[in-house]
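There are two complexes below, and they share chain A, which is joined by chain B in the first and by chain C in the second.
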Partner chain A sequence: MKNARSLLPTVFLTPAMAILAVLALVPTVYAVFISFQDRELSRPDGRFIGLENYIALFSDRRFLNAIKVSLTWEILTVALTLVIAVGLGILLFECASAKMRNFLSLLFLMPVILPRVSAAFVWKFAFHPLYGIITYPYKAITGQPLDLLSNPFTALGTVALVDVWQWGLFFAVIVLKLLETLPPQPFEAARLDHAKTWEIYAYVALPMLKAPLISLAFVKMIESLRAFDLIYVMTRGGPGISTETLDMYAFSQGFIESGRISYASSMAVLMMIATSVAFTFIWKRAKI
Partner chain B sequence: MSRRHMGRTVGQVILALAAFSAVFPVFWTTLNAFKNRVDIVTPTPLFFFTPTLDNFAYVLGRDSVFAGLVNSVLISGAAVLVGALLGLPAAYALARYPNRWTKDIQFFVLSLRFLPPVAVAIPLMVIWLNSGFYDTRLSMIVTYTLLTLATVIWLSVPAFARVPKEVEEAARVDGYGPFAVFFLIALPIASRSLIGAVAFAFVLVWNEFLIALMLTTSDAKTLPIVASELTQLGRDVPWGILNASVVLLSIPPLLFIGVLSGMLNSAFKRKSS
Partner chain C sequence: MKKMNTLVSSIAIACAFFGGSVHFASAAECSGTIRVLAQPRDGLTLLEKYKDEFAKLSGGADFKIDYLNENDRRAKTKADASTIGKYNVYYVDEANVALFASSGWLAPLQNYYPKDYDYADFDPGRQKVATYDGKVWFAPLTGGGDLMVYRKDLLEAAGIQPPKTLDEYVAAVKKLNQPDKGIYGTALRGQRGSGANVWRWMPFFKGFGGQWFDGKTPVFDGDAAVKATQTYLELFKYSAPGSQTGGWDEAVGAFTSGQVAMLIESTPLVGMALDKKSSQVADKIGYAPPPTPLTGGGYGHGLAIGAKANKDEAAKQCAGLFIGWATSKENEQRRLAEGQFSELNRTSVMTSKTFADMYGAALGQALADTGKVTAVNFWQSAQWPDLGDRWGIILEELITGTRTDIKGGLDELNGFAKDLVARGQ
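And then the complex of A and B:
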């Protein structure tokens, strides 16, 4: 009996952990390994060139552009997602009956459950300059087609809209659930003090939810690093390189254009480091 | 009082608009999937038209789409199965038999969920190419197992932790061994949340795109890849067919929406009490 008790964790954990360790560590270590080489898809073996790939990255105009695009993308999507999530979350909590809340929560979950490829296509078609339903009013009024995805100034924002559509509505449901976990007393006390509704949220409710909201922001930051699916389907990094994010550029370097697998790998390693730093930070702050 | 009332009405209108924005794009795509091309390519969007099943018939009859569907079902199914078979016991051990590594293991498992896919896909592409398994279902299943296993463990630990300890103790007093307690007590009691965890893992790999794009070229292509290729077609775009394939791709994840929202509810209910 005692023996069996001490046996269970070993029997249950070892296979899963062994597989995870192999499946996770082999690729990540290998990614670092090939990033020190000059390997290309057409030539299977490369030689070691040390840090040359990393040094080359920082004088690569397209890489610097990709960092800029990725940073813009991060700021746009994280900020808009949180603003929409908090706004709609509060409205759900404040203006909807319990039944309505459940129903709306279900609807708000729909966009994020859709495959990213589907979401990207749905919106790409909606923004189609000739047949799109969103661009239709503009076309009807001005007589000119509106092509947001082919304009370098609006393309990134338009794709970001789809990301915010998926995540903002989803996080609104989470904000609602978080508000529901709060004790009612502080709300009542504030109301007795004649606080206005917005004051209750700005000074009482949201400060109480500071820690989980910051965690949500970090989760979204990491999630936003994978903009690839949306951008690949909607713009392919174009027009020009105006929507080419880091993962899109790594993909095109390693796969489409030149097959420079080592060079692409060095970018992936840098992204991995950025993600790990952000993730360790969340873990330390809030035990998810 | 009336100002508050007005605020409430404005809030409800905004919520209704948000709900509309969540549903309408999907509804519109579905509608377009039943349209003939002439009804889609109109200067004014059409809400009333003669529906046709041609698009779906064409999509399902096309070898590439059908092969993608079969690949997606087999690859996602097998990866989820392996993930559940290995992940559920591991999660139970983590929830019920904590030791000094438990926290580190949980950190490791969750960190995998956040690994940038491109950082996994590039080295794996080289590994699978070198070993001759590139573009096979087997290599995709193995790769996706990384995602499903990590996800199942991460979501099932809290589900097992919510099983009342007293029930397990009582079973132990009745002479159940530790393995019997897991299979006959913990597993059935936590089953609802566990199904949610497994469903989430399925949706995750069913929707996965980047890794599949880099690790397959023809034989093992999954449905998202096939659908995205249709969307990149040239000038004379078969819009109806495209919409139909997007609808087909989206149905399986949407079937799980109830299960997933139930999981979200139970996850937060416990925190409050």
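And then the complex of A and C:
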């Protein structure tokens, strides 16, 4: 009986681990393997070239730019999403009636349900300098078209707004539901001590929600790494390379432009190592 | 399920009549589903109405077409052809036919294209584009060169004659540019890509005498490329908003919505501009060959037989039969009847009385005239997409102001080209 019970976790875990090994481990090991070769799509055979791909990456201006863009994207979208989520969540908790909260929660869930590619097309059209509904007021007032997606200084921020629109509103609903689960006593005690509203949230509510908020931040950090479809549809990495993230550049090298799958794999391997190290570090720091 | 796209059985040669008066020369015994990866074309959508006809002709086969836009179609066909190869028929174009053919991803078309479908009837220019290394690889679905398309009403109001030289063209674009009235001088393509901004830039480069390579040595980094880029950037000052990072769709959309005075674009633009369903300027346009010394960008897109998915001769024959039927004279006449100007490729159809009745003699003359200046502007090599796409990025940077040094950009491309040639050896 005891043996059967101790075997139970193994029985449940084995199929899942086996599937994970096939779906994740095999391609990962293969990616590492071919990153030391010079394989291209048009040439099925490749030879081992050691670290040449990795060394070449550090003199590739597009790769270095992609690191910068990816970091900017990550910081921008995670920070803005959390700020919007916490701000809106508190606003709903403070100002909206129960019915209104439910109605707005439903409304705020809609953007994230929308497929990302569809959202990207809708917003791309909305930002069009000639026909876009967002840019129309500017054109009507100034007489000049506003082309946010063609401007290297505004393109990334404009795409980030769409990402935040999808995820910030969704997270706001989660923050609202988290606030609703908190016990009322600490709030009442703070009010008796004449704490202002912002002080109640800054020093009472949010510290109580530290753990779930950190989890939300991690979910968003991982999600932001997978924003390929949104950026690809809205700007294709342009203007020039100003919105070209690492995954997009790797995809371009592997499939769109060169077919250099070994070179693309070396980028993917570096991304995997960097994100694993960074996430482990942040996770450990966040727990302290 | 796995067998859904497997084509079984052999071809039985016989003459047959299907669908009343529609004549198809070969009857076959194919089954399963022929999978096609293509980009959206009205002609292909029209084909889907006649699935039953193909089923009868082929002895029971069906076909399924997956559509992706041009850049995505190029990426997906490359990925599929080089790996699992699940598509029996690929939509290829002038820019990647060399890569697909030299990589062994395609089967030579004429070994499997039924003779009765008369491949020789296709426009000779398109046949040329479909040929690489002495073999034909695809049957054209669309193709042609460039035309200068302009708004007759705007030119007349400004007292401008249709430009015949590039200098006249640039002057006219500047004069016609009136953003305060919602009219822009021209519309170019700024979006990165060998088939996007580079495609529109190349007529300037070639027109100024530029060459890509001398043997295996890159020679494009010279005065012609600098002058071509300067002219292109100058014209961009008068190009419709949105075109700086836009491609064909943005340029054509701006023109057909009445916001552009004149542009030089691929010939299908005329069909779209003349179509009252999609164009607000259908009654106001004129067309002429590109101004001197610009060359027209000769191009061709079509259907080719995938080598991997069609594992045996019978499967290749079925794919060939599908391509033959899809590009047949009968289907092209259906496209003509639907007003799908850009989907016409056969000499017999384009010189027919029906064509002349529908589009008038002037268009026929303009097409004939532009044929004289149509040229292959790109580097005919399997490595062209790689080089062209890299220049596309640098050119987009120049257009959007991320960089300003034209010579520096060309020097960077020169270094890239040398690496590219070395890698290919």
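Note that the second predicted complex is superposed on the first by the 256 of 288 C-alpha atoms of A that agree within 3 Å, B and C clash if a C-alpha of one lies under 4 Å from a C-alpha of the other, contacts with A are read in each partner's own complex, and residues count from 1 in each chain.
Please note the rule applied: a contact is a pair of C-beta atoms (placed from the backbone, for glycine too) under 8 Å apart; a residue touches a chain by one contact, two chains touch by 3 or more.
Here the structure is a predicted model, which is why all the values come from computation and not from measurement.
A simple residue count on chain A separates chain B from chain C, and the partner touching more is B. Of the two partner chains placed by superposition, only chain C is touched by A:Pro129; chain B is not. Using the contact criterion defined above for the overlaid structures, shared-chain residue A:Gly240 touches chain C, although it does not reach chain B. Of the two partner chains placed by the overlay, neither chain B nor chain C lies in contact with A:Leu148. Looking at the shared chain after the overlay, A:Leu106 reaches chain B, while chain C stays out of its contact range.
By the touch criterion defined above, A:Leu161 lies against neither chain B nor chain C after alignment on the C-alpha atoms of chain A. Shared-chain residue A:Leu179: touches no atom of chain B or chain C.
After overlaying the two complexes on the shared chain, residue contacts for A:Phe255 are found with chain B and with chain C alike.
By the document's definition of touching, of the two partners only chain B reaches A:Pro27; chain C does not. On chain A, the surface touched by chain B in one complex and the surface touched by chain C in the other have residues 44, 130-131, 251, 255 in common. Residues 4, 7-8, 11-12, 14-15, 18-19, 21-23, 25-26, 28-29, 32, 40-42, 44-45, 86-87, 89-90, 92-94, 97, 99, 105, 107-112, 114-120, 122-127, 129-130, 142-143, 145-146, 149-150, 153, 177-179, 182, 203, 206-207, 209-210, 213-214, 224, 227-228, 231, 239, 242-243, 246, 249-250, 253-254, 256-258, 260-261, 264-265, 268, 271-272 of chain B touch chain A in their complex. For chain C in complex with chain A, the residues that touch the partner chain are 71, 74-76, 78-79, 82-83, 99, 102-103, 179-180, 190-192, 240-242, 244-245, 254, 257, 259, 382, 385-386, 389-390, 393-394, 396-397, 399-403, 423. Within the complex, the chain A residues that touch chain B are 1, 4-5, 7-9, 11-13, 15-17, 19-20, 23-24, 26-28, 30-31, 33-34, 39, 44, 88, 91-92, 94-96, 104-111, 113-118, 120-126, 130-131, 133, 136, 140, 165, 169, 172-174, 177-178, 180-181, 197, 222, 225-226, 228-229, 232-233, 247, 250-251, 254-255, 261, 264-265, 267-269, 271-272, 275-276, 279, 283, 288. Contact residues of chain A toward chain C in the complex are 38, 40-44, 62, 128-131, 143-145, 147, 149-152, 235-242, 251-252, 255-259.
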